[in-house]
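First chain A sits with chain B, and in the next complex the same chain sits with chain C.
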Partner chain A sequence: MGSTNQTVTSTDHHAGGTAASGRGDAGRSFGGNVLPLSAIVALVAIVLFATQPNFGTASNINSILFQTSIEFLAILGFTYVMVMREIDLSVGSVFALTGTLMGALLVDDWNFWLAGGIALAVAAGIGFCQGFLVVRFGINSLMLTIGSLLLIRGCSNVIANDLGGRTYPREFRSLARTDLFDIRITIVFMAVCVLIAWGFQKRSALFRKMCFIGENMRSAQVHGIRVGRIKIAAFMASAVTAGLGGIFTASRITHADVRMGLGLEFVMVTAAIIGGASLYGGRGDLRGSALGLLLLALVLNGMIMFDIEPVFQQFVIGALLIATVTFDTLVNRRNG
Partner chain B sequence: MHPDGWARAPVRPLAAAERKMSDDSNILDLNGITKTFGPVTALSRVDLTVRRGEVHAILGENGAGKSTTLKIINGELDPDDGTVAVAGRATTAPERARGDIAMVHQELAVFTNMSVAENIFAGDLPRRGGRVDFDRMHARAAELLSLFGLEIETREIVSRLTPGQQQIVEILRAVRREASLLILDEPTSGLNNHEATILLSLVKRLSDENVTVLYVSHRLHEVLEIADRITVLRDGASVTTLDNDALVEDDLIRHMVGRDLAGARDARARGIGETALSVKSLTQIGEFEDVTLECRRGEIVGVFGLEGSGAADFSEALYGLKAAGSGRIEIAGRDMRGAPPAAMRAAGLSYLPANRKEAGLYMERSIVDNIAAPILDRISRMGLVDRDRIRKQAETDVGRFAIRVPGIHAEPRQLSGGNQQKVLFSACLADRPDILALNEPTRGVDVGAKAEVHDVIRSEADAGRAVVVFSSDLPELLRLADRIVVMRSRRIAGEVSGQDLQEDQIMALAAGTA
Partner chain C sequence: MARRNIPFLRAQRLEQEALTLGIAALIALALAIWTSAFLNGNNLASLQTAIAPNLIVATGMMTLFLIGRFDLSVGAVMGLAGIATAWALGAGASTPLACLAGLAVGLGIGALNGLFVAGLGINHLIVTLGVLYMTRGIIEVVMSGQKLAGFTGFPEGFTALGRFEAGGLQGMFIGAVILLLLMELMFRATGTGRNLLFLGGNPDAARTIGIRRRRVEFLCFVVSGGLAAVAGILATSRVGMANRYMGEGLEMQIFIACLIGGGSIAGGKGSYVGAFAGVLFISLLTNAFNLLSVPSEWQSIVVGGVLVLVVIADAIMTLRKQNRSWGSILGISRFDRILRAKR
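For the complex of A and B:
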C-alpha cells in the first residue's frame, strides 16, 4: 500500500492525455492514426504480395477480408467502450455464447429469426448487467469482465458440449455465405460501418460525450452528461456486436466448437489501440480499429505463408499487445 | 496589501535581529521564503522561527499559505527565494526530506489492514535474525501508548479504530522516529470534539517530553490551548508571531483577517426578484444537517465555512453530485432532491466546480470542446453537432470573458490559472442558467483575473440570475455577497447581512466563538 500522496499523483496522471496533435475540434487525435496506419497496412500487404505468390490469390485475399469483417463486428462496440476509459474483455466469450446458443436453438428447430433474436437479447442482457455493475457500483471493468469472460465461457461450453459435434442446420450454415453484390455481406457491412463511423465521430454529439466521459468523467458529470446511461448503452452495444460476430462465426464454422472466439479479447485490445484507442480513454476510432484488425490478420496470414509454426501465433499477438500497451502508456505519460 | 497595523499589535512582535538569529536554540529558521506557482504568488517573504522544545502554531485562513509553508519545511517543495535553516544550518529541500523532520499529513495515511503496532513501526519493524520480532514490537508499542496514557490494544487492526485513534497512531509513528521536529497539519480536522480533546492532550504530553511541535490549524481555541507561540499567516505572508500570553481569540481573528480588505464592498442597486432557489432542511447525516437557504433572482448569497464545516459537501449535494438523505431542493417550486446533475442543469441550475482540474475542465481538449461540453444537445440537430455554432459560441465567450488564448483551439493546460477559470465560467454559463452555484470561483487565480471574475459574477446577478457563492475566501464574499450564510460543524451557524457584514463577526461565527 503506497502513501496517500502517491495515489493522488497517479490519478492526476490519468487526467487525460493524448499525444496526437490533430486540431479538429471533435478530438485532437481525430483521424490522426488512419493515414499512417493505412500506409503500414499497405506496406505489409505489398511485401507479402511481392514475396509470396500464394498471398495475392483471390481466395486468400477474400478469406483475410472475410475474417477481418467478422472480427470487425465484434470490435464495433468494444472500441466505443474503450473511448469511455472502460474495457470489455468478455467479448470473446459473448461471441462464443451467442453463436453457439443460436446454433443450439436452430438444432432444436426454432424459427431462424426468433433464435437470432433470443441469442442477441441474451447478449444485450449480459452487456446491461456489466454496464450496470460498472456504473452503479463503480466496479473496475477490467476485473469485472475478466470474471464474466470465465463465467460466460463456461455457459457457452456447456451448450457446445451438449451439442457434441453436431452440424448446424443448412439455413444457419448458409448465413455467413450470404453475398451482396458478389461480396460477402459482412465485408459490405464493414465498409458501410466505416463510412458511418467517419461521420459519427466527426459530427455526432454522442461521440463527443463519450470522449468527454473518457477524458474526465467527473467533468462530464458536472456538465450534465448522462454518464451512466451512455456507459450502459456502450456495454450493451459491445455485447450485441460481439454476439453478431459470433453468429456469423458459428455459421461459418458450421458446428459447435468450444474454441470459438478464444483469446479474441486480446486481438480486440491490440487492434483497438493500434487503431487509435487508449487505455486512458478519451479517444478511439472505429476506422483505425478496422485497420488494426486487418494488420493483425495480414501478419498472421504472412506467418502461415512463411511456414512459421501456427503455435507461434499466440506469441506474436502477446508481443504486439505488450508493445502497443507500452506505447500507449508512454504516450500518455509524456503528457500527464 | 499587508499593512502592519496588526503586526505592531499589543503583543510583542519579534525584533528583526532576533528573527535572523539562527543559533542552535532554534530548531527551524525560515527567512524571507517566497514561492510562486506560475502567475500565483503563494508565499511572499514568510519568516518563521521555531525554538527547540516549544509548541509553535501556524494559524491562517484557507489559502493563507499554511500548506505551502509546510511543504517547504518538509522538503517537498523548493522555495523560489529565502533560506530554511534547520538547527542553525542552511538546508536544501532534499536534505530536509531526508532529515529528521517528521510530518503528519492532514489526510490519514495509515495501513488500515495492519495492526496498531505494525503501523507505529511501519518501515522500521524491530528484527531478530532475519525475522520480525513481534514480541518486542508489541512491547515497545504498548510502552509508547501508555506513555501518552492511551488505551489502545497494540494488536487491534487499524481499520477498526475511530478516526481519532487512527490519527493518534499516525502521530505515534512520527513520534517513534524521535525526529527533532514534529509537524502536525490540521490534525483535528477530521475529529469530533471528544477525539480532538484527546489529541490535544497528546500534544501537551509530547511537549512535556521535550518534543518540538509545529502545529497547524485554523481552530483558534486549540491553538490558544496548546501553543507556546503563534505565527499568523495571511495572504501568503507572515503577519506576526505572538507569545501565547494573555491572548484571546479576538486578537487572533484580527490578525488572521487583517483590516484593509473589509469595507471594500460595492454599493449595490439591483432589483431583487422572486425566489429562484429554496433549500429546506437539507440533511445528509455526518456531512451537513438541516441546511435551509433561499436565493432570489438578482441576489448573490455567500456561503462561508471553514474546512470541515460541511459547506463543501452541501455545495455538491445542491447540484446532485452527492446524495442528500432528506430535505428539499426547490427550483421553481419543484423538489429536485436526488436529481442527477443533468436534471439540475435542465431545471436551470448550473454549477461551477471547486477544483477545475479534477472536475470541470478537459485539460487536453480544445477550448471549443470545453465550452461545448454542457450544451452539446442544445447545439445538435438529430444528434449531429452544429460545428459553426460551437465555434461562434467559443469566439463570443473568449471575447466576452477576455480569455487570453493563442486561439480557440488551444487547450486549457496551456493557459494560466485565471484563464482556465474563465473557460470554466464560459462552460458553466453556456446554457444560460437561472441559478448559479459557484464553488470557490477564484481559487488559484491571480489578483487581476480575480477582479474580472468578480465582475462577471456581478453582471450575471444584475441580469437577474440567482447566485450562490461558496468560498473560503472571506474578503471575496464580503465584496460580492448581499448576505452571507455561515456554516459550522455541518450546520448553519448564522446569517449576516447589511451592516453586520464584517470579517471579524463572520470569522467568529465560523470558528464558533460568537
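For the complex of A and C:
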C-alpha cells in the first residue's frame, strides 16, 4: 500500500520557481502527495475501524497518536536535513543520550528546567559539530553520522549503565503525561507544528533556499545563499528536536534503557520518504513525514490486531521502505 | 626529464592500509606485553575464528566499496544462511547439500539486492537496509518456535568444517586469508580488478570504455551475498549452533572496517589488503576490550570516534589534493594571508 502514495496529482506551481535544474518534477510534486497519502492513511484507519472492535477504543487511538507525536518530534528537524540532501543517522542516538542525560541529572537532584536545558544544549552542541564538520570539510554526512551514531550511543549507554535500573523522579515521569485541553501535550504540539510547517513550506523563502541547496548546492552558493549557515542550523534543529523527543520518551518509559531509540533513524528515513522526501534532496514535507509515521504506526497496530506475529513487523517495515523508494525512483525517472 | 621519486606505499596506493595495519600491529604488541592472556593458545584460536568470517564478509563488502556501493544486509544474510544450513541438516540432508542450501540463500538475497540496485537503479542504502529488515523478519519467523540457542546438534562431518586446525592455525582463518589474497591478486593483476576501480572512480567514463555497469554491479552484489553465506555456514559449523543472534550488527563492523582500511563510500578507492587491515584492527580492538574487561559501550565509543576521525582526515586530505591551502580548509583566513605573504 505504501507504493501508491507517491502519485503526482497536484499541479501546485508555488514551489516550482526555485528548482533550477535536475529532475523536472521536483517543484511540481511539492505537497502533491499529501492528499493521496492522507487518503491511504484514512483508508487503513477505516478498514481497521470496521474490522477490529478493539481499534476504535479511545485508549488505542490515543496511544497510537501519542507514539506518533513523540516520533514526530524527532522527525521535525530530520526532514529538513533531508531536504538539503544530507542525512542525519545519529538521531536515534541523540534521542537516547538527551533523554538519559536529563534523567540522570534529575536523579542527581538537579533543577528540572536546568537539567532539561543542559540536555538540550548538549544535543545542540552535537548538532553543531556535525553540521560544522559537514560544511567545513565537505564530509559525506552519511559516513560522519554513522560514526557519531556509534559514538553517541556509547556515551548514552555509559550513562544508562551508571543509572542501573533506577526510576526517574516523579516530576520527570509525569512530564509525558502532561495534558493540554485533555489531550497529551505532544499531540497538540504535533498538530500546531504541522500547521506551522504548512505555512513555512508554502510561504517562506528559507524553505525555497533549502530546496535549492538540495537540488544544486553549487548553484545555490553562486546565488549567494548562505549554504553553510542553513545546513548547520538544520543539523542543530535535527539534534535538538530529536533530543526533545528523547526527553518525552525517557519520561514515558520512566527508567534508563539501553535499547531506547535503537533503529529509530531507519524508521525516520522510511517515514520521511513515504512522506515525500527524497534521498537526492530538494524535496520533503513535514506534513507528509507526520502522515508517514502515522501510517507506519497504523500498519504495525493493525498487524497486532490481526494477530500477525509481531516479529514479522521488521519484514513489513523493510518491504514498505523498498516499495516506496522503488516507486519514487521509477516515477521520477519517467517524468525526468 | 627526471622521474619523480614516488614512495612505494603511495605508488601502490597503500598509505592508509599501511597505517591501519601498523596501528593494529601496535595494539597486538601492546596486548602481548601487558596482558598474559593475549598469547594464550585459546585466545589466539578464538581470535582467528572471530576474524575469519569477518574477513570473508569484508572481502565481499570491499568489492562493493570499489564500485561505490555497499551492502548492509550481510549480517542478516550470514544469520539466515547459517539457519538454512542447520535446517537442511536437521531435515536429513547431507553436509554438502546443506551447505549448498545455505549458499543458495546468500546468492539469492545477493541477486535480489543486485536486481533492485543494478536493474531498477534504486539507492543501494535503501535497498540493502530494507532487505536487512526483511531478512531479520524471516529469521524471527523461522526461529519463533525454537529455543534461544536455536538449532544445535550437528553431524560431525559438518562441525569438522569449521573446527579444522593445523599447528595453532585455524583452517577457516587460512581459508579466509587465501581468499583475500586471491581477490587482491585479481584486483591488481587483471583487467577485471581495474575495471571495478574505474567503475567506482568515474562511472560515466567507465561506460564509455565499454564496462557494463549494471552487469558488474549485479555480480558484485551476488558475490557479496554469497560470501556472507559462506561466512555464516563456517561460523555455524564452528560454534555448533545457528540462532537469531548470529551476525547481528555485523554489517556496521564490516562497513567501518572497510572505511578504516582505506575504502570510501564514494567508490574508486580501497583494496582487499585494506579490508584485511581494517578487520584486524576492529577485531584486535574488540579482543583488547574483552581481555581488559572494559564494558562494551566504551568499545562503541572508541570505534565510533575512530571512524569520525578517519572520515575527517579523509575529507581534509581530499581538499589538500585539490590544492586548497591549510588556511582556507581550516577557515583561518588571516593565517592564510600570512602564509601567502611569506611565499
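What to note about this one:
Note that the second predicted complex is superposed on the first by the 303 of 336 C-alpha atoms of A that agree within 3 Å, B and C clash if a C-alpha of one lies under 4 Å from a C-alpha of the other, contacts with A are read in each partner's own complex, and residues count from 1 in each chain.
Everything that follows uses one rule, which is that a contact is a pair of C-beta atoms (placed from the backbone, for glycine too) under 8 Å apart; a residue touches a chain by one contact, two chains touch by 3 or more.
Computed from a predicted model, the values in this text were never measured in an experiment.
By the document's definition of touching, of the two partners only chain C reaches A:L144; chain B does not.
After overlaying the two complexes on the shared chain, residue contacts for A:F312 are found with chain C alone; chain B is out of touch.
Of the two partner chains placed around the shared chain by superposition, chain C is the only one that A:L321 touches, whereas chain B remains out of contact. In the overlay built on the shared chain, the residue A:I225 is in contact with chain B alone; chain C does not reach it. Contacts of A:V192 after superposition: neither chain B nor chain C is touched.
Legend: residue contacts after superposition of the two complexes on their common chain; A:R208 is shown touching chain B, with no touch to chain C. In the superposition on chain A, contact is made by A:L279 with chain C only, not with chain B. Chain A is touched at more residues by one of its partners, and among chain B and chain C that partner is C. Residues 116, 120-123, 125-127, 129-138, 140-141, 144, 252, 255-256, 259, 265-266, 295, 297-308, 310-312, 315-316, 318-319, 329-331 of chain C are the ones that touch chain A when the two sit in their complex. Against chain B, in their complex, chain A makes its touches with residues 1, 3-5, 12, 15-18, 23, 25-28, 203-206, 208-209, 211-212, 215-216, 218-226, 282, 335.
Across the complex, chain A is touched by residues 105, 107-109, 111, 319, 321, 340-342, 344-346, 351, 353, 357-366, 368-369, 372-374, 376-377, 379-380, 383-385, 387, 390-391, 409, 411, 427 of chain B.
The residues of chain A lying in touch with chain C in their complex are 133, 136-140, 142-144, 146-155, 157-158, 161, 258, 266, 269, 273, 279, 309, 311-319, 321-322, 325-326, 329-330, 333.
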